[in-house]
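In the two complexes that follow, chain A is the common piece, with chain B as its partner first and chain C second.
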Partner chain A sequence: MSDAASLSHAVPKQQRIARPERRQARAGIVLFAPAFVLLILILIVPVVVAGILSMTDYTLGRPSIDWVGLRNYVDIFTGSSYRKMIVATVLYVVLVVPASVFLGLGAALLIRSLNVGQSFYKTIYFLPVMASLLAMAIVWEFALHPTLGIVNRTLAMGCGTPLEWWPWFARGCAEGFPLWLGDRDYALYTLAFIGVWQSFGFNMVLYLAGLTSVPSDLYGAASMDGVKSGWERFRLITWPMLGPTTVFVVTITMIRSFQVFDTVEALTHGGPAKSTYVMIYAIYEKGIAQNLVGLGAAITILFLAFVMLISVAQRRFVERKVHYQ
Partner chain B sequence: MTYRFSTRQTLAHVVLILGAVIVLLPFYVMISTSLKSPAEIATGTGGVFGSQALFADQTCLTLGGSKADCLVRPVLDNYTKAFTEAPMWRYLLNGVIVTLSIFALQTLVAVPAAYALAKLRFWGRDAAFALVLFCLLIPVHAIALPLYLMLAKLGLTNSYAALILPWTVSAFGIFLMRQFFMTVPDDLIDAARMDGMGEFAIIWRVMLPTAIPALLAFAIFSVVAHWNDYFWPRIVITGDRSLFTPPLGLREFKGDLGGDFYGPMMASATIIAVPLVVAFLLAQRRFIDGITLSGMK
Partner chain C sequence: MATIQFRDIRKSFGDTDVLKGVGLDVADGEFLSLVGPSGCGKSTLLRILAGLESQTSGSVMIGGKPVDGLHAADRDLAMVFQSYALYPHLTVAENIAVPLTMRRLSRAQRLPLVGRLLPGCKATRTEIGTTVREAAEMLDIAHLLDRKPGQLSGGQRQRVAVGRALVREPSAFLLDEPLSNLDAKMRVHMRAEIAQLNRSLGATFVYVTHDQAEAMTMSDRIAVMMEGELLQVGTPDALYDHPQDIRVAQFIGSPAINILPVDTDASGAIHMCDMATGLRAGGTPIEHLGVRPEALIPCDEDGFVVGRVRLIENLGSDLFVQLDAAGVPLPVTVRLPSEARGRVKLRDVMQLTADPARICGFDVAGKAAPVVAIEKVASHV
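Moving on, here comes the complex of A and B:
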């Protein structure tokens, strides 16, 4: 209790001073206890369990359990299908994060510049964030269907027009447009596209919030100093002032895209040729569907290491670099 | 109000409209397809709403019905099938049960803990807060495998408990409510204590009413996340259809049925996506605040 509070109620305080401290301490422990127990059981214990199981050959339902040391980790770093897993995961993240962040920023800047219709666009761009990703993934699959889908049908309408100057388009007209999700060269890019489609509206909203906190007198001061072009204003004021927002947006987009699962499980099952075999899907397939718990646990630990690294890097970055206020 | 023509504004609108077309494309495909007959879907005809001409239902014909008996209206047929080919009501009910239970339990656990962290001095408080901050770093989806094994050992897979238990504690919920409670003046609490209120009464009758906006935002955050969640139900519900949540039900629908079923499948997808989309359109500000809550850290 603060001193000010005890002073303002000085008279009846006398008999309460000793007792309330103790009572508060007890109440605090009692009130935090349920959360404490659950945090330990649901979040901390599983991490420890995964760490231990990752060094065993445990499978669910078998009584014996053998210690295999680091063999599961060695398997991950030497097996070709696991190398594909790391490549697919990293490529997905590298594709989605910049696209989603810059589209979010671009949309926010464009929308802020409008005289009319700001909330109209904001609503539309935010819709994918709200809708069930699994449902929308299934719709995208249908839209990208090689023969029935609206995408290839629309592309086919461009055949015979000057678009055929574009070699890729001409090839599509002659040999058929890509199978998208069924083609190993396109599948991961297609999933990344769906990922960007789903997530950039979220980043847009965060950037819109960030933009409102940029003090407008900075722009006035800049124009007095001779900063005339929109690009210079953006480079000298808007972008640096959005630093904290950007760090946060990049981190959260990264962590989320690392966790991509719905689209992979529903549309590609990690294929074709393991081109979309991302980590969370691998954990699900190895650890749960195939009951290779040791391997699944090792991938879990690797995954946690990735995610923690990103979060810790973000906190470091925020502490060191982003000090504008 | 009139606005003067400006090239810059027009250009911005053009770019944003093009973006909006791509963003809305799957919603259009979903709704439009859910209105069409199989023939229209197969040939890509029928415009936006389909011609709505009667057609003979294939299952009805194979069951020996005469052509006249089997004539159905595409839109009615698709949406009827969404409910008859799969226990859609059950899925929706499960979705409601699971999301509401999760939110109720999260509140019950997080609010007292947040109050303790914000306003009470007790031994280990700093360590407790550090624990919450650490747990913020662990995405529950990442530790799905050990959680699943623990639930399996307890014999709890394929139950409501499996769907709900792992989400009962939200480190983020505790953190958020704690930050909010910090802003509540101590005098308010002291006054309540003077009136003889216990700590528990203070939480529910003094603190919670002041925190309604934060709690509402958290409610939206939580309900949207768990209504749409597919990964966790997929793992813990393996056989029992009566426990399926809406996304699992839709996935099952897709797995079961081949080619001709795009109409009913898109109708199911529409039914699952619609509740949240409508709620969002009605209360946009609150939804945007709630879902971007994680941006407030």
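Moving on, here comes the complex of A and C:
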């Protein structure tokens, strides 16, 4: 009887007060709404606007806008300067990513093996990351100056020594060493070198963090199992255990290399002969310097597509293979 | 199969002495436990034996040969770690195979892709596969061979770690607290299995634990370590009945031994709170008496421990009664048979005595000293 009484009480109560699940759901919506609205306004809307602008011939200050469809994109893929842009960007990424990832890993491993001076080397290698690249670019410009720069003057000191057996060096001594940033065959490689110099310290820090999470018992177990050489230890434990770090480092470095701009703007302005005409510089030149907003937007969308592709590839294919749970 | 000898092993980290001259012999095929509270240096001693750390001074011999300076890989030992230390990116089969691939395949044969094309590689790999499967079947984990360690339970990981250790048939097994990450039931189960493994393989086992119950149940002999020193080495029975040091007495046994502070007068008679105990020191003056809970016997008169019951723990098979006794800082525990249930009540006053043969005496330094019963003849005259 008491059961029946309590049941009859429970029914009207339930109607008056919403069930806790419902209340929690409502609170959830209220709490997440501001973030969602901001996400739409700050991230999604600009991309959509850029997408729409990329289909027009809009230029800043001109009153009329004409819908041109995919013509901006067709221009990108057919024009020779745009092809140079893709080549320069991809080449830069292909040069910088492996070099700075492996240098970062190597520096991290070497620093970890030190008993003293760890923080000294960490600071040294991290300095270029912290320094303003624009300021550093001026230093590089001086260092790479064809006649006054320290690079070519140092190379010239090698003339007359056995180094001349190296044909490239001999040619440099006879006809002068390269102009570096002023030579279409060298400019992109020089920029890539500066890019590596600037970014591997950052990767080193990420790898140092990754290394601390490798359980030391694993190295003990490997020793007991018969692993003696450092290389075997690296292959059996360090490299697989750093998998998640490596995926992150490669993705970050790739995206950052796609975004290279400051050295190009400071040192080469995309030249010589558009050999360093990378994507972000192209966006800047077309969209801002020349006011060709529609074309700039099209390159922006293309750039976003590249970055998106990398992120998706990271999530879909790689990350599953490096998390072992 | 091998004997193991430690000769005056010392280890210091900076100014801290972790091991202060440990000497210990382990017989061939013996199951020896190194037991002690955390921080006593037992794990360090094991790691020195394994070759994962080096001693500051002293020497380690395996099979009669000094192994100091020898790489861990060359000592022919296998180790099971507390964290299991399985390679998370390899399957169970690959994990167990690592010690074999490292030893049976040449460096070139171990190379990815290319190595498989080299002569002899395929045959050796097949052979390794068979050995791994046999080991897995022995440990009842054959159905898990394709899984990754992350997909296994604690007990299963434990077995994989054991499998990886025994697949190579090393001369000795080192186990560093291998059961401490398991739940209580699994721990009891694995305890029996590891002891069984020692008997069936006939290999020397050195087992590190802080759990005296593990050491007591599994070992042929136990070495009790404290603060970097070896206090006593002996069979579980010897350690339980005749502890050489008051710290050993307190560490071994659950519930813990009762330590009773006493005085020894000039004639050698032992008093507790000015009450004669009927015992006298057989040599050096006695500062403490140790009596196991089951050695205490309730009596009606002449008991040397008198106390009031403060707690009764009924375990079904036994009854543990705690008394607040005069002159004893900690409660005195006495184990009574289950028939005593209902007969003892809270706040009852109990008198306790004990067979002098089962009373341990400790001198002022905490070392064992003989205790004998005073002849009762005098009182009759």
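Quick note on the criterion: the second predicted complex is superposed on the first by the 279 of 325 C-alpha atoms of A that agree within 3 Å, B and C clash if a C-alpha of one lies under 4 Å from a C-alpha of the other, contacts with A are read in each partner's own complex, and residues count from 1 in each chain.
As a convention for this text, a residue touches a chain if its C-beta (ideal position, glycine included) is under 8 Å from a C-beta of that chain, and two chains touch if they have at least 3 such contacts.
Keep in mind that what you see is a predicted model, and the values were worked out from it rather than measured.
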What is the contact status of A:V227 with respect to chain B (first) and chain C (second): first, second, both, or neither?
second
Hey, is it chain B or chain C that touches more of chain A?
B
Would you check which partner chain A:L155 touches, where first means chain B only, second means chain C only, and both and neither mean what they say?
neither
Please indicate which partner A:V90 is in contact with in the superposed arrangement: first for chain B, second for chain C, both, or neither.
neither
Which partner does A:G243 contact after superposing on A: first (chain B), second (chain C), both, neither?
second
Using the touch definition from the top, list the residues of chain B that touch chain A in their complex.
3, 8-9, 12-13, 15-16, 19-20, 22-27, 29-30, 33, 41-42, 44, 109-110, 112-113, 115-117, 120-125, 128, 131-132, 135, 137-150, 152, 165-166, 168-169, 171, 174, 186-187, 190, 193-194, 199, 203, 224, 227-228, 230-231, 234-235, 246-247, 250-251, 254, 262, 265-266, 269, 272-273, 276-277, 280-281, 284, 287-288, 291-292, 294-295, 297
Spell out the part of chain C that touches chain A in their complex, as residue ranges.
47, 50-52, 71-73, 77-79, 81-83, 85-89, 98-99, 102-103, 110, 148-151, 164
Taking the complex as given, what residues does chain A use to touch chain B?
1-2, 5, 8-9, 12, 16, 20-21, 23-29, 31-32, 34-36, 38-39, 42-47, 49-50, 53, 60, 107, 110-111, 113-117, 119, 121-136, 138-140, 142-143, 148, 150, 153, 197, 201-202, 205-206, 209, 248, 252, 255, 259, 261-262, 265-266, 280, 283-284, 287-288, 293, 296-297, 300, 303-304, 307-308, 311-312
Contacting residues of chain A [partner chain C, same complex]:
215, 217-218, 220-228, 232, 236-237, 240-241, 243, 324-325
